[in-house]
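Chain IDs A, B and C follow the sequence of writing; residue 1 opens each chain.
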């Protein structure tokens, strides 16, 4: 199994498309950092709007590395599923397209093992992407913008809130958030890999994955009670942004944030369970179908 | 009937006159106490209590310099400083002599009786429209002040005195102010909905009041404050 | 000689189409077994079933005396294959490709070992080049190196000469012959061309529409009694009339330009002399030993059946 995994990772590492993802992340992060370095105040003004009538705030302090990373992740984690699909959607279909699938399946390697290894390789790729994002969006931002307390602008139901997390309470939240994002993106990887079993070129599963994510995300965001109550809980995309839960700090009765606390850990935990459930289910279906599949490519 | 009304009018006039003299003295006494302070640097903790703002207690420093320069700074970290906080110092109320004092009788504050005075600026261009001050008649300390401004709404200060009562400087100030409802622009955040959000309570939407509770631990008085801090 | 591959009553149904229908055959140790059939006859499906790429609908496959599905990894560990085109990772070097498949076959991957194999197929000098830059023939050779890297007992080659130039075809033939003769490997080779099977295989099966048409040794199937003779004369009608008087009348067909007679090879001089005696001027007599007509006729009759 480890031997196969090495082979898979080696193959991924040798493909140019692997590095597209890393380059794309670097580019997006750089643009964000440049834009905020140049004119972060406008963004702050937009977010603060009428609060500025009653409060003054040192905006240069507020636009710090921690804040930047949150802003970047907010946008980037919407795009990263595409990058994950780029690799995971190619896992089986790419081999089928090249004609190597039939060759590796005539090797003394069980299909279950192969699909698990493919999945694991996609997972490792996803984690590498996130590590890269952490380096670029968090550590580089910390270097450029410095470190200070972090402000979170948040819509909670009908209300908007501004949360402040003291700087010594931020890092662990990022680690947890990146961990959560890894689980969420692994669902995408599992989905893309499942779709890739049926295809003989990698474009189909990649596009199909992206379409599913987009459609589900759109449905997730339909603010109609009947959809919110009956459909939304069943869409995995509703849980993709759950990493933010780690930044929703718990507060006392009179609204003072409690250091080291989470507002709603059970909700995050349940989301994690649901996502992990999706991974197991998708992977199970993949194994089942792949074992049964006749290789005709 | 007519003579009765005239008597009443005269009586009330007389009454006002008697009390007014008294209140003027009291205000003057309060002012004299405040005037003793040329500048100070105070450190303390500010606890902000606003519905939409979930911020931790901030360690702050307050700098003051006559006549009415005041700066509130957070010692570290990011902090939301209520804009009305510049009126934290009472000298702001008396910044120029151009005001008319009106006696508004007495009131009860925390079990003790206080005198209530309304200060009306003479200058029409003044931002302050009206200040109401509650003065302890025994100590001549301002216990509470409510200021209505043209630009920044109405805010209220409630003071508790201790060690620095001599100089008219409070140990604790509760600062109340009006805030508008905070609403994020739509669609800029993709928030994680954990399914617990509730419908807004009607009273939450309107008439939002913010409070900032500042507890001072130390004052350094009349030792000079560099002008640079006010920039 | 032990039986290496034994297939019994193998069938595969794809939706409406019965790709393989009740097929049985066996391959013995050291055989070069020819698998002949037209395109779409079910060769590839059968081969893919032997390699576990396709699950049979029914039937039994035993390889090395063991049931295939339940001993899959053990059997595949001793089997090498090229299925149609020899496909590999184009973005990797020849060395990497071979190393990857060697690793997957459970062979220890030492640099010297891989280089030795590459040298064997004449690719040692290009070991660092990406496969993308290889010619079809070079890919084919690398494919063989991959198929042989784990020293398999059984080698399955599905249409190995497809897309090769004549030199490549000749090289491939020699290689297959060498595998059997010099290394004692058992080889299953499929083709839609009889001419190819005929020169390398010792045993063969002909299938059509998924069904076995005939199976046997090539020598047997090249039985001289089945020699087809094409006769061209100065007067074909006269020749035809003469033939009607002989014992070959039943086996003769008048085709206009020539007359086709099926006979035992040894009877040919007899017929020629009979025609000469009758005054027929013979222009040419072409006996065809090959299975070509046999194959074509069988598959044609199959097609009409």
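What we mean here is this: a residue touches a chain if its C-beta (ideal position, glycine included) is under 8 Å from a C-beta of that chain, and two chains touch if they have at least 3 such contacts.
Nothing here was measured: the structure is a model prediction, and the numbers come from that model.
Of all chains displayed, A has the C-alpha centre closest to the centre of the whole protein C-alpha set.
With every chain reduced to the mean of its CA atoms, the largest distance from chain A is reached by C. The count of contacting C-beta pairs peaks for the chain pair A-B. Centres computed as Cα averages put chain A at a distance of 48 Å from chain B. Separation between the centroids of chain A and chain C, computed from CA atoms only, is 53 Å.
Chain centres here are Cα averages; for chain B and chain C they lie 101 Å apart.
Chain A contributes residues 46-47, 49-51, 53-58, 61-62, 64, 74, 78, 148-151, 153-164, 166-167, 221, 232-233, 238, 241-245, 248-249, 251, 254-257, 259, 264, 267-268, 271 to its touches with chain B in the complex. Chain contact summary for the complex, chain A toward chain C: residues 3-4, 6-7, 10-11, 14-16, 98-100, 102-110, 292, 294-296. On chain C, the positions that touch chain A within their shared complex are 14, 48, 51-55, 72-74, 76-77, 79, 81, 83-85, 87-92, 96, 100-101, 103-106, 146.
Chain B makes touch with chain A in their complex at residues 47, 49-57, 74, 77-84, 152, 177-185, 188-200, 204, 210.
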